[in-house]
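Two complexes are shown next, each including subunit A; its partner changes from subunit B in the first to subunit C in the second.
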Partner chain A sequence: MNRTQHFETVLRDWEAAGLSRRTFLRYVAMGTSAVALNGMLVSHISAQTPVAEPEVAEFPASAPFVDKEFKISLQTEPDNLDVHDTTSNASASVDKCIYEGLVTLNQEMRITTLLAKSWEVSDDAKEFTFFLQEGVTFHDGEAFNAAAVVAAFDRVLNPESTLRRAGYFGAVLDHVEEVDEYTVKFVAKFPFAAMVATLAHPAGGIPSPKAAEAAGADFGIQPVGTGPFKFISWVRGDLITLEKNENYWNPDLAAAVPKLLIRGVSEPSALGIAVQSGDAAFAGPLEAASAQQLRQVDGVEVTSVPGLTVYWATMNNTKEPFTDVRVRQALNYAVDKNAVLMAGSLGEGYVADSPIARDTWGYTEVGAYEPDLDKAKSLLAEAGLADGFSTQIFCSAVHRDRAVAVQGQLSQIGVNAEVMQMESAALTEETSKPQEESNLQMLISQWSPSTGDADWALRPIYTKAQWPPAGNTTSFFTDEEVESAIQQGLEISDPVARAEAYATAQKRIMELAVNLFLYVPDYLGAIVSNAGGCLTQADGVTFFRTAYWRE
Partner chain B sequence: MSTTLRKAERERSLWGDAWRRLRRNLFAMIGLVGLVLIVLVAIFAPRIAPYDPNLQDYMVAMKGPSRDHWLGTDNFGRDILSRIIYGARISLRLGLFGTIIGASIGSLLGAVAGYFGGWIDTLIMRLLDIQMAFPGILLAVIVIAVMGISDVNVIIAIGVFSFPTFARVIRGSFLVLREQDYVSAAKSIGAGSRRILFRHLLPNSLSPILVLSTLRLGTAILTAASLGFLGLGVRPPNPEWGTMLSEGRNYMQLAPHIAIFPGLAILLTVVALNLLGDGLRDALDPRTRK
Partner chain C sequence: MTKYVIRRLAMLVPILLGVSILIFTVMRLIPGDPARQALGPEATGEQVEALRKAWRLDEPIWVQYWAWLQRAITGDLGRSTVSRVPVVEELATRFPATLQLTVAAMVIAIVLGLAFGVAGAVWHNSAIDRVTMVIALLGICTPSFWLGLLLLLGFSVKLHWFPAAGAGGIEHLVLPAVTLGVGAAAIVARVTRSSMIDVLGDDYVRTARAKGLRQQTVVTRHAMRNAMIPVLTILGLEFGGLLAGSVVTESVFAYPGIGQLLIRSIGNRDFPIVQGALLLFSVQFVIINLVVDLLYAKADPRIQYS
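After this line comes the complex of A and B, so read on.
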């Protein structure tokens, strides 16, 4: 049963129980999963109040506690363990053990409750009230309550804050207020239907306000949260040690191993070898080549999750000849995306059939440009470029294979693309230039919406407000219809209309061939057979707070 | 009066002598033959290579050696043999021009320092000491990082990397040579510094320059490959050996041929150059002259 069918079934039951279709759709718009909605339905029948039941993670409740430390190797070392002061996936992976948010994303990238028991949304999608779990304490013994939540968000929303997540919350969140000891209200700056998804992002973890204040700038190396693991030590360049939190509030989600030892291994093949040689019980995210090799190894299992990341080649829509939609379409027709998927990820993924990935909430299948060289050539000829043209593809080292594959494909229609591989700092400098100064023609790029929501998948990439240096619209694209659809998606709370708005935007973006859309890679990890509970998730964050030994 | 003119025995020149000695050195000859082969491959690459080195064919991607693709294909389905053949052009060109730049600058600086001595010598040599205190590859990386990735910049980086060694060797031989009688003789008949430097001293220092160039050519090719390995070499998709090695690194366990063959190409070329360089050194060393 696919997701849509699943939601339809739940909606039928929901209406049968006398709940309004509108409320249901609003929850769906928030990204609430069908299972959670079912939970609400059950609690409605018993208590007449919609409550989101916490979902049980993929983790056997009876997991035997084996007193053996659990070693994890990540692709990079975290940069900072202050949950509000990092944008790195590696940091988010570790943060998810130490901190917890009011809500979180489960393994299907759907919102589920964690430190909140339930939430309510006002009809204008501006006020979000969360009812908190009681009896939760931070690792430093401080009580978790409404005041702590308010203090945590005051810290990041403070206008003088230099925390790296200040902008992420500050852009949409006006303030957070205490209603009573276990109730908080989040007030948005404008109707913002994606607020709950925004809080479910790994950056939505709640740090201990007291510890954060005491540590000041050092909070990133002495983090304190409410999670199942406590921070013990961090030897830079080597090892992060976390220890089981004995006072964890929820026995169902408590740690099943006494210690987590986390390392960053930057050499991709060494990451896979770490699991094979027993240096790590889990490693991720893996390169496709390592994963394919490890699939042949006994005693190691490879985890694979379709990603939320989409790879593409941007075309500077303000620069000749990419100003002509026919040229952009021609390039889209010219490239065999399966070939790029093979060269870049050995086939571990799927060809993008929309500007956003399938598992993003609000996704609509638009359909990819099927490779058709004749059509590509005739479109180029119509645009007056029958003999092709020369251009440059900028890329960093990680995207080199994709750039070379695109270059090779484009040469078939006479487009002579030069691969400009740049050192990543130099490339960032180039991609941060405003439109008038930008030298960008084509650029291999990617985006992954860590909220799992269409808004964060589209707004940063396809709106004029997000042109560099402000954001990531390196195609310098703008279109009235797309802008208004994205804006609508934010402001209206009716989810069907919201989903329709996003569908309109996705179709229009594809039709205008804003970018040369390539593929969605799978996120891969490897785990030894006698362990479980670890996974590199669709957003590239590695989840291992549920790590356990099988024997 | 009759004079019997005995036909003068053909004089054995230094070079002829050296060649004779070189020919007797088996390893040097192996190196020479290897080098000649590589140069021929580089020159006739378009005729020898079975495929276009950048032709992508996904139907045969990641395949091991076969009859159609003797050294297999990479993840783009490109023929590795063709890429190595074309890569010989790139690697030799980078190494050769880099060495020429290094040798020219280095020899000039060394000559000036060695001939004039005094404060000029001290100044130049101390500056070179500072330069040599830097790890060479780091210096090359800095050059590329500042100037950007391109063939010309790689050549410049290799030149910068290699000139101090040349300067030292040339200075050393000039220190000895400038005390020679023929230099005093030239001076006494009023020859200028430039004439002495270029007509008398430099030709006499050619053999150390030649030996060093041969040996440094190997190092230069290795440096180009190292830069390529670090992603700072020539622009993709050009088939430079070090870049190919680096690209194959991710597939070491799955498809080792992608990395092994470019690695072998680098190895064999550098070994050939070193064998030849060692042989040349022995052959040109006046002390081994019989």
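After this line comes the complex of A and C, so read on.
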């Protein structure tokens, strides 16, 4: 079978599985191989029929090397490049070129091995043993082995550590131990089935322990990892330069360009213009308006990926009248989510049909509340609020359009909502108050599970242990059935049973209308037609270690 | 004169102390927590508390201020809570870029502003006056993000004359300097015009003309110098303002100036950077005001400092 026939066969299966031809062609245009496409198809099918041992997906292979530097514009400048000391998507995007994890997420957010060849999970989901690649060295020449992995995690787990990822790992990871030179064991504090997904997060990159110790607080501006690109310089506020790592351990995944030049362009329109003017070969993530304008431009392709981020309006379940499930359901019926999607993201996304996004592992389609004003009004009347009521919707500047759209929709059933826009840090302070002090009634919120796993999509938002100030359950919701399903998902390692537990939780959350669910936005980027291998992924991190030029 | 300069510079000490106390207090009174901002939305309450302790944010404000002041006197302004880079280094890398952009914009403002303003005054109430003042009005009214984007579309996307982003050579300076300079030029033009109109009506100008001096000499030698006092004041203010960074222009052109750094640091509640940047601005303003005052004496010999 020749190459074209091979692609055609995959496309047939692809369409049969209900995936769009357009998506397929976009991946082909990006240079994705037929084998990789087949892998995506398999992971799609497994995500649909909830059987998904996070099976090892394929990592995108390198394109032929072309000796011409590659410029990338991101929405913001990274804050720092210490992989364990940042929560910024821009930093994670650059970190993915410099550092590598034992496992990682590929462009399609599926787990794949990188510095580990394989792993084993103990039956109680507490011990995770990884078998490491041999012959890998850090950019500073130090050997990558089990001792380096242990040292890297000791650094972030150290109780004195103020690294920003200390809590991310410290909450679940007890310690890491060396089994032999190329085998390490991660021991969880409690049964934690999502451990592999946690390590696949960009924060799971392994820094050179020796370089990190030598640089101290300056490691964020002198990063050293094992990745296909090594750090050269950072003109603060302007430009980060990375260079091809000539000693990269895996020729199949090596850099296809000699240099990456990365800058942050914070003005949304100017970010789009960067691709048109030739100041960047790729720019992202873009705002919907820029992306729609760039679709009309010759020589520029727009990349679009359904996100993992869900937008919703939180309702404080402990404040009248939101204590009544009928009121919460009424509000869900009252809002035309498609209209909010148009107002907030010009239609670039889809209406949320579950509390979590479709591409999150463990997702189940529950179905959205279809707009129905009569039903909404009668539910309000049943709750004794036939004349409606007044409330407040808190939001930050980025969510203003969504807040105003929801406000307009709610007025149709007599709910008079006042939009309270606050500066972002001040709003965070407000949303971090404990239940008895909280002034929140409604709040436009968003969440993206950066591990790509249902646990991190549900636990921080729907459990009592995560009520502020401990976490992000700003609805102050709790429900026995949901709590126990989420706990089960953590404790069992069998993927089928895990997925079932999460399906139960999603259905129950939707049924109780905990929040007013809105939509899932697409992540958009723009690339010049003679380049490929760059994409703003579903978690908002831009993937460009595979950047290449078409000859 | 030297004594005067030294006295004015000595004033910097109480000014900086006052400013630092004010910033310290205000930053800690506004809602928003640096530890929470640094850790991001995924952090738990416990992690935030631990970081607050590590950064000594749980101590009384005067204890924090005293600790900061002791280090600040030795030139150590701390490290950014976000990038972990020393504050002095963050400011030092951006200051030259901001200074270059400010000087370039001021050159445009002075050349265009004086030319338009003088032309408007000399040909008062003529067509030239009306045209130049309409242009100046447009210059004041044009939002800089809009002008910046238009320049980008025209000169970067269509003509490919100038790069769209970054700093470096003079080619990177042109578009942002024009964007900033046009607004300042418009203000300078209007002030110059009204000041010149006043002066041109004065008796000594009539005397100069009566002596048979050429129009050019009357305007440049006699009238301009006297009309300069309000113009110098405006130039000083504009210069100081631009040196404090221009967030909009910097973000449109991805220019590595101080404005973007400051705005981002305020959003992140990155106290050390905000304090450092505002102290720098205070020093700049004190120096610029001093220079303007000295220039007054140059323009008008009746003004003397002792």
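Criterion: the second predicted complex is superposed on the first by the 489 of 551 C-alpha atoms of A that agree within 3 Å, B and C clash if a C-alpha of one lies under 4 Å from a C-alpha of the other, contacts with A are read in each partner's own complex, and residues count from 1 in each chain.
Following the convention adopted for this analysis, a contact is a pair of C-beta atoms (placed from the backbone, for glycine too) under 8 Å apart; a residue touches a chain by one contact, two chains touch by 3 or more.
Everything numeric here is computed off the predicted structure, so don't read it as measured data.
S.K.: Taking the superposition as given, does A:Ser269 touch the first partner, subunit B, the second, subunit C, both, or neither?
M.R.: Both: A:Ser269 reaches subunit B and subunit C.
S.K.: Can A:Ala171 be said to touch subunit B (first), subunit C (second), both, or neither?
M.R.: In the superposed model, A:Ala171 contacts subunit C only, not subunit B.
S.K.: According to the stated criteria, A:Ser277 is in contact with first (subunit B), second (subunit C), both, or neither; which is it?
M.R.: Once the two structures are laid over each other on A, A:Ser277 reaches subunit C alone.
S.K.: Which partner, once the models are overlaid, touches more of subunit A's residues, subunit C or subunit B?
M.R.: Touching more residues of subunit A than the other partner does is C.
S.K.: Should A:Ala497 be classified as contacting the first partner (subunit B), the second (subunit C), both, or neither?
M.R.: In the superposition, A:Ala497 touches no partner, neither subunit B nor subunit C.
S.K.: Can A:Glu423 be said to touch subunit B (first), subunit C (second), both, or neither?
M.R.: So A:Glu423 meets both subunit B and subunit C here.
S.K.: Quick check on the superposed pair: does A:Ala470 touch subunit B, subunit C, both, or neither? Answer first, second, both or neither.
M.R.: Second partner only.
S.K.: Check whether A:Arg236 is in contact with subunit B, with subunit C, with both or with neither, and answer first, second, both or neither.
M.R.: Only subunit C; A:Arg236 stays clear of subunit B.
S.K.: Return first, second, both or neither, reflecting whether A:Asp336 touches subunit B, subunit C, both chains, or no partner chain.
M.R.: First partner only.
S.K.: Touching subunit B in one complex and subunit C in the other: list those residues of subunit A.
M.R.: 269, 423, 426
S.K.: Show which residues of subunit B lie in contact with subunit A when the two form their complex.
M.R.: 54-56, 58, 61-62, 75-76, 145, 148-149, 231-232, 235-237, 247, 249-255
S.K.: Can you list the residues on subunit A that touch subunit C in the complex?
M.R.: 73, 79-80, 82, 85, 87-88, 162, 164, 166-168, 170-171, 217-218, 220-221, 235-239, 263-267, 269-270, 273-274, 276-280, 423-426, 428-430, 432, 447, 450, 460, 466, 468-472
S.K.: Sort out for me which residues of subunit A touch subunit B in the complex.
M.R.: Against subunit B, subunit A makes touches at 268-269, 272, 287, 289-290, 292-293, 336, 338-339, 342-343, 346, 397, 400-401, 403-405, 407-409, 418-423, 426.
S.K.: In the complex, go through subunit C and note every residue touching subunit A.
M.R.: 30-33, 36-48, 50-51, 54-55, 79, 82-85, 89-90, 93-94, 97, 145, 148-149, 152-153, 156-157, 160, 163-167, 248, 251-254, 256-257, 260-261, 267-269
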